[in-house]
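Below is one structure, written out as structure tokens; comments come after it.
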Amino acid sequence: MMVTNDLIELSLRDGEVEVSLRRPNPKGHEAVMMTTPMMAHPAMHSPVAVSPPAVDGKLPGDVVDVEYHEIRSPMVGTFYASPDPDSPPFVQVGSPVGPSTVVCLLEAMKVFSEIKAETSGTIERILVRDGEAVEYGQALFLVRPH
Amino acid sequence: MMVTNDLIELSLRDGEVEVSLRRPNPKGHEAVMMTTPMMAHPAMHSPVAVSPPAVDGKLPGDVVDVEYHEIRSPMVGTFYASPDPDSPPFVQVGSPVGPSTVVCLLEAMKVFSEIKAETSGTIERILVRDGEAVEYGQALFLVRPH
Amino acid sequence: MFRRILIANRGEIALRILRACQELNVETVCVFSEEDRGAEYLRLADKAVCIGGPAPRESYLKSDRLIAAAEVTGADAIHPGYGFLAENGQFAEKCRACNIEFIGPSVEAMKLLGDKASARVIAKKNKVPTVPGSDGVLEDDNETITIADQIGFPVIIKASAGGGGRGMRIVHDKTDLLAALKQAKQEADGAFNSRDVYIERFIDRPRHVEVQIIADQHGHIVHLGERDCTLQRRYQKLVEESPSPALDHRTRENLCAAAVKLCKAAKYYSAGTVEFLVDTKSRFYFIEVNTRIQVEHPVTEMVTGIDLIKTQIRVAAGEKLDFDQRAVRPHGHAIECRINAEDPNERFRPCAGVVEKFRPPGGVGVRVDSYGHDGCRVSPRYDSLLAKVIVHQPTRPEAIRTMQRCLKEFVIEPLKTTLPLLRRVIAHPDFHDGTIDTGFIERTF
Amino acid sequence: MFRRILIANRGEIALRILRACQELNVETVCVFSEEDRGAEYLRLADKAVCIGGPAPRESYLKSDRLIAAAEVTGADAIHPGYGFLAENGQFAEKCRACNIEFIGPSVEAMKLLGDKASARVIAKKNKVPTVPGSDGVLEDDNETITIADQIGFPVIIKASAGGGGRGMRIVHDKTDLLAALKQAKQEADGAFNSRDVYIERFIDRPRHVEVQIIADQHGHIVHLGERDCTLQRRYQKLVEESPSPALDHRTRENLCAAAVKLCKAAKYYSAGTVEFLVDTKSRFYFIEVNTRIQVEHPVTEMVTGIDLIKTQIRVAAGEKLDFDQRAVRPHGHAIECRINAEDPNERFRPCAGVVEKFRPPGGVGVRVDSYGHDGCRVSPRYDSLLAKVIVHQPTRPEAIRTMQRCLKEFVIEPLKTTLPLLRRVIAHPDFHDGTIDTGFIERTF
């Protein structure tokens, strides 16, 4: 089913593959802006400021002024962490990524699109689970820039 | 028509004669709270803070922290400044008044009620015209206390 | 038609009357207490006059101030709304003595039908069924036994001065009668300082059904069908609907005909409501007449398409009804829910304060009568009714469904209201089945 | 019935569809652009999905995202509302190919009736009157003269690629024809880079009257009477009413019958509107079909009591119409005014920003369809329609009076809206008399 070659061609045709990166908060605040997952109540959709250490105890260090990047979904679809059920995920927490590193697949209307990091750094957090539905603009990964 | 004796008796029977005095603004502000006349648009009915010198150029002096008292209408009716058309008004600007000084008549349902100052001082301003309709709580006179 | 009407009321009904006047091209004067100063609906009136202090007896109940306000503003009629002075015959008399029309029935009709005892006499004279009873205070034990036998058991003993359940005793069997009578008299004495009691047939699990009447001053009288107001909480109506889900066609016809007969006998004109209890065997008993417009009048407006307030004003101005009984063809089903600012967790104590967020529902067949908006103030001094949601749909199940949708949609924050209770009531299977009685809410929630 | 419907629209129509779904016990998915994030009506949906950026082509027009959103949320139908993709046959086809029902007509019917030229062919074939014309591009001068003679003067020459008045020439007399033809061709060439023109009979001072159709997939089709949408500003409808004040009974019957005949011929189902011009002699001419629900559908709902969106959803789910033509009995008169966020002083440029104060009117027979509330945002990127006020009264004069009252009552601050213009339009004697035509607003205001 997951014929990656086809998918990229198709998705490019639809102009769907694009990654939007969230710039750090202009006020230099330590918070990272996040959108909540699609299934949540829409009233909760507005971006929520979260201090990174509070989000996940595993976040390394206590440096509060790290500016994380987000890899956000350029489309509506289903998130797949690995190229197929028997393969390891494209990336894991701690994986280094570059602009062209494929980080996940998104499926919509039976078309699979490879999503690239479009930024450099280390995967700090994976924000959605394998098989989860994602909406446009939803944050998928937090990346700690080099 | 204006048989004052009758009127007082009638109006007392109805318990209508009562004078409410507006206390000075508790914050010690120089403004006097005034209600606007009945005929105005209700949106303008809320009390308006006015600096006395701005209300009327004739207000004597420029002392801004004078605390004026208001003689307010205890009823709905028509304001008469004098006991009958051929008589002089009960009071004029500059008249000294004491608590039992009659300052005007108010007519409602063909009953005339004498309104007393219920405060001591000098009439600073007459806020309604002869024959004008007044509503409950409407300021009729400004009194500068002794 | 009148030139200028003074609206001697406040809140949603003041706004309701104001809108009717504007559509009749009649100018409006709204009165307000110092507590209501700045209320938004006052902005819509041609004139607004402060008539007194916050307490009702200092303002909305002060008849002379209201008449004086009408005089100084040149109003030629007063609409009393409901509550306050709406059923006060003396006020109506005073208005008319001052050449200001009181928008309501004649003083004679108000007195005849507004008084329960006199209305009961007229009902009996006109063969309108009443709850069988002693017709006055019980004199001695023998008389009580004789009357109870005539009425038939179960009977209920009530304190003449009473209300709210005190001094009441239900007696199912003759052998218990005299003991109960003694207890009831003692209780009445303690509670009301009067040992006077009377007895009536006890109507078990009744429905409350009322008939809307409208009549002109030229002898034309029509009914606009019934409203079922069985859903009450402590004698306060909470949900009203039309038609009643519990009446068969014949009972409905007889009920409405009885209401018309009663009002005709009293030469009644204006809008009025004749209230009945209906027992589980579809027998109905007249209880009282409300000689005014009622809170729940929109239910009837929705099913008949007739604007009751406009019609009431027109007949007060001497116009003839421009429709007859045949032209009244109710269609579909309407339900009203009363949204009160009350805290169900605090035994429905009225809540007061500022409504920060007010999002009424909307859509097809939905009407919301309310003075509410973001930032509006709810005063603790007056009736806690904040909004009425009225829905109209082709069938009762559809109307229930629309009401459920509306109650879900309605947001009022942060005040506590009856919305959560209403959501549960409207979703209850017994309400759907139409098998409730006036005690339903107390028993169920 | 569907389990879950995705609403592929925004604003007032999204809310309207949402309410219909809830009353049908169907779950709802609302989509939204980043611009509409946080809109209050989204709170009412069971799910809300962000589908793209603020520009319509990045979100509401992006068919694949809409279908993907339906797939990931498990929606089994999409309601397109009006505008955006509502008349896009390819989108409808794609939806159905993905096993998601497109709530609208069949793709075939959409293509047949949605295309003006093909609809005109069907109309002619079914003897539905169309505006007499050249049926295509004029080849040479002789042909033009012949055709103009057949049509009868006055005629209008129009650019095939044109619109908005450019390349148009009205010719009242045969002697002026060829000169006008030359000018029109030059103008068309300059404006649209094409010299192609055609001619039609010029309909002077026409009224715009349209017929609402509803049909199921089992061959049952009924009309719900007409709407008169003559009050337009630059081809944008501003006020709509039903019934039309300009039609006699016979013309109405013929008009509605023609609309039904046309839709039947195309095997049309779902809701649809057949638009006509009516000339000063009550002759009507078919112009086009809108194969979707329309902005002004509430006017018809008010007079017929039929919920068009619910019915549209039911027939899309395969249900049969539960009423026939005889059961459709319009009563009373309904008028709708469109309140757009536009500045009349700035040539009706859309206004955007935050509505600080939003006080819609209410009362008997009043419905307001709007997403507005205190604090709501009006985006410059979408249609400027902020609210629709619809009133329903027994007669047209009463409906006008109620509308006047409502327009006076409605407060929207601080954005500029069409409210002041509408107040003047509704108060105009020509509107009262029903003697207006489609050019009324441009000539009068």
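Order of writing sets the labels: A, B, C and D. Residues in every chain begin at 1.
FYI, contacts are C-beta pairs under 8 Å (C-beta built on N, C-alpha and C of every residue); 3 or more make two chains touch, one makes a residue touch a chain.
Computed from a predicted model, the values in this text were never measured in an experiment.
Asks: Can you list every chain that touches subunit A and also touches subunit B?
Replies: none
Asks: Among all the other chains, which ones are in touch with both subunit C and subunit D?
Replies: Intersection of subunit C and subunit D contact lists gives nothing.
Asks: With centres defined as the mean C-alpha position, give me the subunit B-subunit C separation in Å.
Replies: About 42 Å, centre to centre.
Asks: In whole angstrom, what separates the CA-based centres of subunit A and subunit C?
Replies: Once rounded, the distance between the two centres reads 61 Å.
Asks: Among the residues of subunit D, pick out those that touch two or more other chains and give their numbers.
Replies: none
Asks: State which pairs of chains touch, listing all of them.
Replies: By the stated definition, chains touch in these pairs: A-D, B-C, C-D.
Asks: Touching residues of subunit C toward subunit D in the complex: what are they?
Replies: Answer in residue numbers: 15-16, 19-20, 22-23, 25, 40, 44, 298, 301, 305, 307, 331-332, 359, 362-370, 373-375, 394, 398, 401-402, 405, 408-409.
Asks: Show me the residue ranges of subunit D that touch subunit A in the complex, using the header's touch definition.
Replies: 30, 32, 34, 37-38, 42-43, 45, 47-53, 59, 64-65, 67-69, 71-73, 98
Asks: Okay, in this complex, where on subunit A does subunit D touch?
Replies: It comes out as residues 14, 16, 35, 38-39, 41-43, 45-46, 75-78, 108-109, 133-138.
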